[in-house]
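Please go over the structures that come below.
Below are two complexes that have subunit A in common, paired first with subunit B and then with subunit C.
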Partner chain A sequence: MSARVGTYLAAPVMAFLIALCVTPLLILFAYSFFRVDFVAISYDPSFANYAKIAGSATYRGLILKAFGSGALVAAITAVIGYPVAWFIAKRAGAMKSALLTLLLVPLYSGDLVRVFAWRVLLGAEGVINRSLIWAGVTDAPIQGLLFSPLATHIALTYNYLPFMVIGLWLAFESLDDAWLEAAADLGAKGPSRFARVVLPLTSPGLIAGGLMVFVMVVGDYLTPQLLGGASGITVISAINDLFGTAFDWPLGSAIAWTMLAILMAFFALGAVLIRRSSLVGGA
Partner chain B sequence: MPLLRARALCKTYGTVQAVRGVNFRLDENSYVTLLGPSGCGKTSILRMIGGFEEVSSGLLELDGAKLNDVAASARPVNTVFQSYALFPHLSVLENVGFGLRYKGVGRAAIREKARAALETVQMGAMADRRPRQLSGGQQQRVALARAIVNEPRLLLLDEPLSALDRRMRKDMQIELKDLQRRLKMTFLHVTHDQEEAFALSDRIVVMRDGIIEQQGAPDAIYRRPETAYVADFIGGAACVPGRIASQAAEGYRIETALGQFAAPGVAGLRPGAEAVLCLRPEQLRIDPEGPIAARVTHVVYRGAEWLVELEAAGVALALTTAHDAIPEIGADLRLGFDPAQVWIARAETGEAAQ
Partner chain C sequence: MSRAATFWVWAVFAFMYLPIAMIALFSLNDSKIMSLPFSGFTLHWYADVLGDGRLGGGFLTTLSVAFLVAICATVLGALAALALSFYPMRGRGIFTVLLLAPFLIPKLILAVAQLILFNEAGLPRSLLTVIGAQTVIVLPFSTLVIASVLIRIDRGLLEAAADLGASGLSAFRRVVLPLMANGLLASWVVAFVLSSSEYVLTAFVSGRAQPLSVLVASDFRFALSPSLNALAVMIVFGNIALVALAELIRRRAGQARG
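Our next item is the complex of A and B:
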């Protein structure tokens, strides 16, 4: 009885989600099989758009670049995030909630604000170049700092690091110190303790945090556009151009759905890995 | 040469002194328990020996070599943790084999040795399970196998039986003692349960507030407690305060509120010194001719016997009696005891016993 009432109560939410989230995606999915005939959309379905993506070195390259960036930033945030998360969970003591708040504060400022902050730091007249010149390290500003893949990835790492740290922090909170003591007791030195105990037992946090960072980096449009310069063209900006300037909705939809399918595959893989890691479920 | 020696060992946490300068030694092939209430510093000592806590001051020596600054991973010491601390992501067999890799044992030999260790603790059938699929008692055995498979010089056990039910605890006590005899390894076992200490130990170290009250064979500690604290904590003795009147052939004459008695006691008491007469429940008996007048305050049924609590001249006493002679609450009785069986101990507690 109460279960049925619950179903009814959930109905508006479900209707809302279907109407505003699933439907647009399905419309997009349908569009991805159409094609553009001069300025009108011709509604005869085919796989032509997907074939075009597969056959185009440009689109393949852009998709690969997006996932490469996602993986790279996920890896960098993991390397930085591990010690930070460990410190917050195990050593911060009374400062724990203050540190967690501090970690989240940048997220409350807008994307644009953060991106422009990096322009101030990295620009030719920026803080870093000025300091280097003042210190005599270089005579002329280093141009490659801003409007380069380097700038993009620095800002992406900065933007999404909190998500990785939160994931790892949760994992560290449930990591019993006695396991580390037991590993040391049995003869494992630091690196071995990390590889055989810490890494496997925090892997659900690593996978969850990694997926989150990965997805957000792949979908980030602003950061490469504003900091990447010539390298700022991404698959997302390509989709934007196809929908806006080129008026090729079907091809844009097809690229969007290709990305979506690959991301969903990654999520499925992550879910399987977390379940396998024996920390959830078990028995 | 003793296997392990602690000299003036101290542990401080901030301003709290958990261990305040203890001295003891462990002999090869012996079962030693560190016995005391929670917070007495016994676990701190164990953790310093294991290498999980730094020694604040003092010296730890293993086989004559200083142990203080050796990393936990490099000590020939293994621990059975109170929480067992089995690795949840590894099978039982992988857990047991975990430490052998660092001893240069080959893959095949690791499996073989781990299986043999599991057989030793009767867990051979569980090799492929995960720790979470085991009961507390089974996890306990796996933790034991994981430690002994490394053939440590010294095995540390941190309240290993505290999470088990009473019956399982009794069984495991017998098995632990048996295992120690077979392996000829030294076991250092921390517990707050004096029954457990008696059942297992060759030697007991009684601790209180970061110092050692007394150490020795279980029998000596039970029969010849040096301080009132040990007499009370170990045997549940009533400690009647008094003053040594004189030395006597039996030991001492002691003047108490219950009268003057002659009984053996701890060495070194001088006439005039404060001391306690230790009367255990099983040493007191109801005796119409006895020297002590007492009134019954409580009667507690304990299954095999009754515990009768009494008050005599402001001192709380207790005695055990069989089913057929249960006095009423409020009844006035006379009590007697055999002076040769009781014991006079020091009133103060203290560093006393080195």
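Our next item is the complex of A and C:
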């Protein structure tokens, strides 16, 4: 009887999500097979849009660039976040929940404000450039600071680091220190304890955090747009243009679904990897 | 090693707060130029923002949208959290995936998909479409907040209520609901904050009445100025104050049980 209660409770939520999340994505999928005929959409299905994407060096390049950025930022946040997560889980003591809260607070300022803040810091008229000129370090603003891949990746790292730290922190919380003592008793030195005990046991967190950061970087529209300048053209901004000025909804839909399909494949792979690595941890 | 780690943690937290600290600092500096020699303290950038009628109108739109989104997300989030953590249900796995999907799908892709839906359904873009769209992406967070309160409630209390002759409904109304009330309140506040600062989705599905985030997006995009700093600082501190409030409420939900 109570299994029914849960199902009834979930039903309105399910209906809402199907109406405003699943249905739109299915219509988007249908659109990806249509084409634009002058200024109207012609409902005449074909694989032409997908063929166009596969045959276009530009779109292939943009997709690869998105995945490159995602992987790069996932790696940077992992390196920066690993010691932080370890410290919060194992060394912070009474400060643990304060540190976790402090880590998440900047996320609530909203993406627009965060990107704006980086423009204030890095812009040609911004704090760093103006102050360097005032201090006499340079005569003219360093243009490469803003509107560059560097600026974009600094801000992307800033945006998504907390998610990586949370993923790793969960893994460190479930890491039993007895494993380390046992390894030490058996004569393992520091680096080998790290490589053969700590790293494998925290790898589920690394994969989960990495996947989360990767997906969010790939899907980020604002950050490259506002900080990347000419380098800020991404596959996501290409979708935006196709739905706006370029008016080719079907092609935009096909690119969007290409991205969704690849991201779903990454998730499936991640789930398999996490399951396998937690099996190693449990053994 | 521990000292190096402590230093590293401090450095990372400094990095996380550097941009906010900078805009806060220069929003109080009495100069149009954002550069290091400080010219003196002023509040007139804040006065500029507060006296701006266009921003004031957008702010009111944001408040009314966020108010309603927070209610919708909390009601749906409560149903979802109850189904996931309190009453067993069929199809739990697929339900969880469906709930989390809006968080992981690139927002711009969800935005264009909803744009097509509204277009096909002949729904004009309005604040109503904004409320629907925002509720979808706020829902995973409100569910999480409420579930975090629900999992701390002792199931024994439900059994005790049943033993004392309470029906399922009255046990819920008189035992579970009072215990989860703080979770609902915390979820409402978190949803309010997330809704008010959302931009990408909102920009796509809003019509003529534009919330604050859409209104200031082009300013943020093209200009740097101390009054924009002041505006950003007010948004950040408003949000942080509300989130702190929500966290306080959520923790008290735990203590009352303990």
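In this text, the second predicted complex is superposed on the first by the 259 of 283 C-alpha atoms of A that agree within 3 Å, B and C clash if a C-alpha of one lies under 4 Å from a C-alpha of the other, contacts with A are read in each partner's own complex, and residues count from 1 in each chain.
Assume a residue touches a chain if its C-beta (ideal position, glycine included) is under 8 Å from a C-beta of that chain, and two chains touch if they have at least 3 such contacts.
Keep in mind that this is a model prediction, so the values were computed, not measured.
Touch criterion met: A:176 reaches subunit B, while subunit C stays clear of it. Contacts of A:39 after superposition on the shared chain: neither subunit B nor subunit C is touched.
With both structures placed on the common chain, the touch criterion links A:186 to subunit B but leaves subunit C unconnected.
Touched residues of subunit A, counted separately for subunit B and subunit C, are more numerous for C. After overlaying the two complexes on the shared chain, residue contacts for A:201 are found with subunit B alone; subunit C is out of touch. With both structures placed on the common chain, the touch criterion links A:261 to neither subunit B nor subunit C. In the superposed pair of complexes, A:221 makes contact with subunit C only, with no contact to subunit B.
In the superposed model, A:57 lies in contact with neither subunit B nor subunit C. Across the interface of their complex, subunit B is touched by residues 176, 178-179, 181-189, 192, 196-197, 200-201, 277-279, 282-283 of subunit A.
Taken in their complex, subunit C has these residues touching subunit A: 2, 5-6, 8-9, 12-13, 15-20, 22-23, 26, 33-37, 76, 79-80, 82-84, 86-92, 95, 98-99, 101-102, 104-110, 112-117, 120, 132-133, 135-136, 139, 168, 193-194, 196-200, 213, 216-217, 220-221, 224, 228-229, 232, 235-236, 239-240, 243, 247. Residues of subunit A that touch subunit C in their complex: 2-3, 5-7, 9-10, 12-14, 16-18, 20-25, 27-28, 31, 80-81, 83-84, 86-88, 91, 99, 101-103, 105-106, 108-121, 123, 125-127, 130-131, 133-135, 158, 161-162, 212, 215-216, 218-222, 226, 236, 239-240, 243, 249, 252-253, 256, 259-260, 263, 267.
Of all residues in subunit B, only 50-52, 71-74, 77-79, 81, 83, 85-89, 98-99, 101-103, 130, 132-133, 146-147, 150 touch subunit A in the complex they form.
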